[in-house]
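Both complexes below contain chain A, partnered by chain B and then by chain C.
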Partner chain A sequence: MKRRILALLLVMSLVFTLALTGCSQPADEPEEPAEEPGEEEPAEEPEEEPAEEPVEQVLTFNWNSEPPDLDPQTTTDQVSFWIINAVMEGLVRLDPDGSVGEGLAESWDISEDGLEYTFNLRDANWSDGTPVTAEDFAFAWLRVLNPDTAAQYAYQLYHIKNAEAYNSGELTDPSEVGIEVVDEKTLKVTLERETPFFLSLMSFITYVPAQKAAVEEFGEDYALEADQMVYSGPFVIEEWAHEDSLILAKNPEYWDADTVKLERIEGVMITENNTRMQMYDNGELDIAVVPAEFLDRYIDDPNYVSQSQAVTWYLQYNMEDEWFSNHKMREAFALATDAQTYVDVVQNGLGVVAEGHTPPTMTGAGGKSFGETRTSELPGYDPEKATQLFEEALEELGVTKEEFEETVTIVAGEGDTWSKIAQFFQSQWKDTLGVELFIEQMSFAMRLDRYNTGTYQITYAGWGGDYNDPLTFMDMWVTDGGNNDAYYSNPEYDENIQTALTGSGDERYEAMAEAEAIIAEDLPIYPMYHPTRNLVIDPKVKGLATYPVGADYDFKWTYIE
Partner chain B sequence: MADMKLKKEDFEVVGKDLKSSEEIIRKSLTYWQDAWMRLKANRVALFALIIIIIMLGMAVFAPMMTEYSYDQQMYDRISQTPNSENWFGTDELGRDLFARVWQGARTSLFVAFVATIINVSIGVIYGGISGYFGGKTDIVMMRIIEIIYSIPRLLWVILLLVVMKPGIKPIIIAIAITGWGGMARVVRGQVLQLKQMEFVLAAKTLGADTTRILLKHLIPNTMGPIIINLTFQVPTAVFTEAFLSYLGLGIPAPAASWGSLAQSGTKMILLYPHMLLFPAAMISIFMLAFNLLGDGLRDALDPRLRA
Partner chain C sequence: MLKYTTKRLGIAIFTLLIIITITFFLMNAIPGDPFQQSRRIPPEILENMKAKYGLDKPLIVQYFKYLGNILQGDLGDSMYYRGRSVNTILADSFAVSGKLGLMSITVGAGLGIFFGIVAALNRNKFFDYFVIVLAVIGVSVPNFVIATTLQYLFASKLGWFPVSRWGTWQQAVLPVTALGFAYIAYIARMMRTSMLDVINQDYIKTAKAKGLSGTQILWKHTIRNAILPIVTILGVAVAGIVVGSLVIENIFGIPGMGKYFVQSIKQNDYTMIMGTTIFYAVLLIAMMFIIDVLYGIVDPRIRLD
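Then we have the complex of A and B:
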């Protein structure tokens, strides 16, 4: 009897697996039966079978890593940006072509002097069903500016009147900041100075609203778990298995929910290149970033796309470090690094060698690109001079090579690509400078923590533009700037950035070109290259919006065909 | 046949040759000579031994056989398949894999032998004392082993890395801390059995002290199991190092070990399988050879199998 039941179970399980595979098949090959009307087939058959099985609107995506911080007001990193851009919405949202599109603001008026913006909010709800009000925006923005929040991106709000003073503690009364809640659906913003790109900045992550009730309820735990957040965007976080997966689901309360076709975005966190590409090949991932070493395999693939993006990767020194505060030391490491070979070998030619911190495609003076108007030049690869400078620097600091080798480490991220990058630098510096530095590989969150606490010496970091103006790169290195992880400070540089902030027209661009020249001279960072974004996208995925600046992807219009 | 009569004169008294009757015709062999003879007869074990010797030789001399150093990055030779210039090909940073594999062999084998020697020394002494004294001493000492055993090796490495820089040292220490328990148990078991034998009683009667009895009488008699255990510990240590390097807890870049090479090779398996093939083959061959040799030694060293 027992054996019989077992046999039965076995048969049943086999049958069910067959049935299940049968079910999921139509999703893989849609429309095919409908397109070929059988001539001799009995008439009733097409009626019985559904003519077109609706395709499952599920996108599989790789977040790459655990998002370090999903609190929109404090986050700074790319992964968190991707996710927040999908689950939150600000006053405006960028259209797929990169222009300012519809967001939570229905309309807006700009005063003639360009200093007053009045936003009229539409009837939109939070994911918990409560209406989004002007108060939610004012609350979020003041939260960013509150010195206690210590938001690194606070300077993005400095265009607002008195924001900087409040953030730096000069002003203690938040009501003096130029944010005014006129009524429940009207928000009036007064600017410090005319800011031509202010409207497009409204799509930036730091500017999205926050529900006061939720922030106050969860306090320290806000945005640490999927159910400890309230969402205003096209999606909500359905499930967040830390360090493993993060699944988004369509937000039924979203004001434009009819446009959103995707039901779910199943996001995994995979750093390993092989696994990622294999998952793409097996159809387990719909979109994958092609690592440099896999380029040869995918370059002829019709689904391969290479896009330019406003990103710069650079060597970053800790200017407060005992050794790297020395200019000769920084210059020696810069001259000892061959950026062209780096792009050719490590990145397989995917990108261009940087001529400065700002990518050449950003706008510059006289309607030209920034690259065309750049006047400064970075020091090039020069191993002999590097060796000499290094010796001099060691002498000035009174340290031997052995001591230097003992105490200096290269801070790098985790994963295969990072290991390769770090070993390239290690080998370059060993060949030229004769010191073999220890490589410390760590998680993204750990690395950001090391930067923020200033407990590193030399590292390799990247920065992606947040909006389409060179300022998004250039204002990074102002004294005590939120993202100034190099701890660089030069009053002359600060002055130029101030001009870029307050000035208008070409004067701004010229000031930023001047600031570039100061960077090239002082070398708090050594820009290496501007990568291209290389993706393979499954042809069934349509309507994926990608941007060269800000959050790279937008899934609002994405659907599966 | 003709009539033949034996006469008395036909016989001669030669006397009794006392000397030759005492002579041992079969060559006298020590324990080790005998074991060696039997090992030689075991073709498989002998072959394994030769392979091990070749690999050790290569680890020592191979880095001198090639003009490339293990950390020299040749940017015009990225990810090349094996060819006449780079016998094992190159990796994704243009480093010669032949140089790296044998440099890796140095690391792996160094870790293996040092860790094994430490394991054996601690294990033999600990097990010997525990077994010989017995009673409460034995109970306490064995419980200590069990406690150490209960903490996984990986945990030891991670804990050690908190206080030490990653490298060969924490790996050796981790293997040494967790590896000697097995050896100690084997030796203890043998000593428990041997200490009741007459020759130990005889030694005691003659006034030998504990140290002498342990070192001169008991431990030499457990040599067989010790050697066998040892030959199984070496490949385990190689494998442990490979496993730790594979997890990224091993030796830091640009140094190489078989494990770290296999790890970086795995990432490229879809594109350049040769990067995984060579280090993986080395690990497999070495472990197999040592296991076969261990098998052969067990047969050769077992006194009961003596012909």
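Then we have the complex of A and C:
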């Protein structure tokens, strides 16, 4: 068994190697036009009515894999998010430009102190024709918070009053949670503290409603099959062949069905990059994500688009490590790392060099983007200064280069891409600082274990935003924060984040810009880059909405031309 | 035969129990739990989740509870695919992988044995060299290279077959070829060697001396003896191939079983790790038993008692 798995893993890594090396085709090779199988018999086609034939409103899409969990209240993964976003709708829905638009709520009132949200629901139906009520939302949210549901994303609801207490079992009476059904079409939510991004959070999948009758009828089997779920979104799941395909059809009961033009989305589950690209080339897929190793082939394609994503990758130091608690040491490693070369060489140019921890596209003060309002600057590549700082740090710590080299390792993930990444850092630091650090590659679970126990020195990590507010990045590094794997602690930073949590308006954004400056100074992490999402989209596909955070895609406005 | 079967069954159950025990405790020794994600789960939520899947109990309690469930034929629910039972997932995917595997091994063993025989009979002639070259390619070129090449040539360029997916016979041609190719090569090479070995045996000379015809010698003596080592490896090969190939199934987008063997370990999907292990172990033990019985039929010298 073990050997079999080892062999499989080996073969897998070989596949990746092949995929990576296989891409080095000459870029100037002329692209052969895909041969249409039907082209050979054009003479037989009757020439009547050539125009006015309505195009089939069918989109072919790749879900990449089987969705592990389509129950909106318990799911956490990307694929399930894409699908649920198409078949479910919450109180709000993001507009194509990323701003908060109407969803099942047609209007809402926010109290002066920002603690009470009253949502007025529109006359909308579930896919079975029954009306969506405020009760469906209250039921779904309390279901998330019920400890028996064991919903992993329950903490996304912790902004609601007493939600955390109820979820952790401290409170047993759900009626004390700040969710109130005023009447059939009115839902009142009371928050724990002022949460300026609460409205945009209403588009987050965990917050979509669930029909009580359906959940109770199907019980443990809810959302396990296409017909064991009731839908509130623009589409319904028509057919779900596990591990093979999942087909969506337009939901005639959807309140805004007139806007929805697509009749069907035929989704397959293809994991292999090479297969996916061949299917796109053959016209079997309308949209495909271009992996880095295929970039050369598609970058000049007119159908190629590159979009920003709210994701940041950064070097992360263990602030409690005896060497890396030294500021000069951290600065030396930051200055010794050339982020631009990293993006160009390791990521094939598919990304933007980071100017801070928060991606520039997030919202910032005065209606501008966060990038535009950023005041701080990260230290840039400076090998000479890096060497000098490194020598000074070694001296301060009373350690020789050899001793340092022997005790410090680079903790990295497994697989070929990770080898490439880790080797880049290794060679950069060898060239500039003259130390050759040992690379430790390990599985994700093991890496998390090392982070949790603080038994690492330097690593490379990434973070993707949950909602469109810089706080989804900035609250990571507060003292004892759940995701603060750097073990960073700075009261001044914490204070700014507290302002961002509870403050309002520009004051919040300014506080977070200030917190960014503190990060740039203290360097518990060194932000490297923001990867882009790279797609090829068949030109007949119009109106595909894509977002840097959350569910990534929205097909509500998509149509075929 | 009955005594033999009972004895074998006893050994099989004991072997299985050991496999289950070792896997269970090894699996729990892997750092992390099934719920690990890059977004850290607040401790109180993690406790809820562990309680739901019974992971909050002491390991030994979990172990006996699991054994109890297996006795009832229940492999539990997957911890990654929420709510889906491991029984269903394995049954669904085995239906696909088993079919693909059997087709591949039939093609592989059938052509392999045929090529091996013909090569041995035409030793050092053209066909022999052809088989040797084929065997070297088949054994040394990994199946993903063959698979992607076939896919590129016959699906993308020529458009004879679909690029991927599963269901129609057209969709089966490329994956069956890719998966079976290595077996053709492997078995042809083995069969050839074995044939040459047998041809030089004294009993073949005896058969010739007593005036048996060439065909009779070939069928009754040469092939029957030469095929023994093939039968030996075929049992293990069948067990290995019907549980799916991660690589081939990924490349052709086939909803088979192969990926669960690797994926479940990466995801710490405990019930799935146990499920795939038990499934494969049972299959392997069963195949070995069948092969032992087959020995008795192919080789009368072997008596089962």
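Quick notes on this structure:
By definition in this document, the second predicted complex is superposed on the first by the 301 of 561 C-alpha atoms of A that agree within 3 Å, B and C clash if a C-alpha of one lies under 4 Å from a C-alpha of the other, contacts with A are read in each partner's own complex, and residues count from 1 in each chain.
In this text, a contact is a pair of C-beta atoms (placed from the backbone, for glycine too) under 8 Å apart; a residue touches a chain by one contact, two chains touch by 3 or more.
Keep in mind that this is a model prediction, so the values were computed, not measured.
Looking at the shared chain after the overlay, A:D416 reaches chain B, while chain C stays out of its contact range. When the two complexes are overlaid on their common chain A, residue A:T271 makes contact with chain C while staying clear of chain B. By the touch criterion defined above, A:F424 lies against chain B but remains apart from chain C after alignment on the C-alpha atoms of chain A. After overlaying the two complexes on the shared chain, residue contacts for A:F294 are found with chain B alone; chain C is out of touch.
Judged by the touch definition given at the top, the superposed model places A:K368 against neither chain B nor chain C. Once the two complexes are laid over each other on the shared chain, residue contacts for A:T76 go to chain C alone; chain B is not touched.
Using the contact criterion defined above for the overlaid structures, shared-chain residue A:K401 touches neither chain B nor chain C, since it reaches no partner. Of the two partners, chain B and chain C, it is C that touches more residues of chain A.
Contact with chain B, but none with chain C, is seen for A:F438 once the two complexes are overlaid on the shared chain. Once both structures are placed on chain A, chain A residues 272, 274, 278 are touched by chain B and, in the other complex, by chain C.
Within the complex, the chain C residues that touch chain A are 19, 23, 30-32, 35-42, 44-45, 48-49, 51-52, 80-84, 89, 92-93, 142, 144-145, 148, 151-152, 155-156, 159, 162-166, 240, 246-247, 250-253, 255, 258-259, 261-262, 265-266, 268, 277, 280-281.
Put simply, chain A touches chain B in their complex at residues 272-274, 277-278, 293-294, 296-297, 341, 344-346, 416, 419-420, 422-424, 426-427, 430, 436, 438-439, 441. Those residues of chain B whose C-beta lies close enough to touch chain A in the complex are 71, 73, 75, 78-79, 92-94, 165, 248, 252-254, 264, 266-271. Within the complex formed with chain C, the chain A residues making contact are 1, 4-5, 8-9, 11-12, 14-15, 18, 22, 35, 37, 66, 68-69, 71, 74-76, 147-152, 154-155, 164, 167-169, 220-224, 241-245, 268-272, 274-275, 278-279, 281-282, 284, 443-446, 448-449, 462-463, 482-483.
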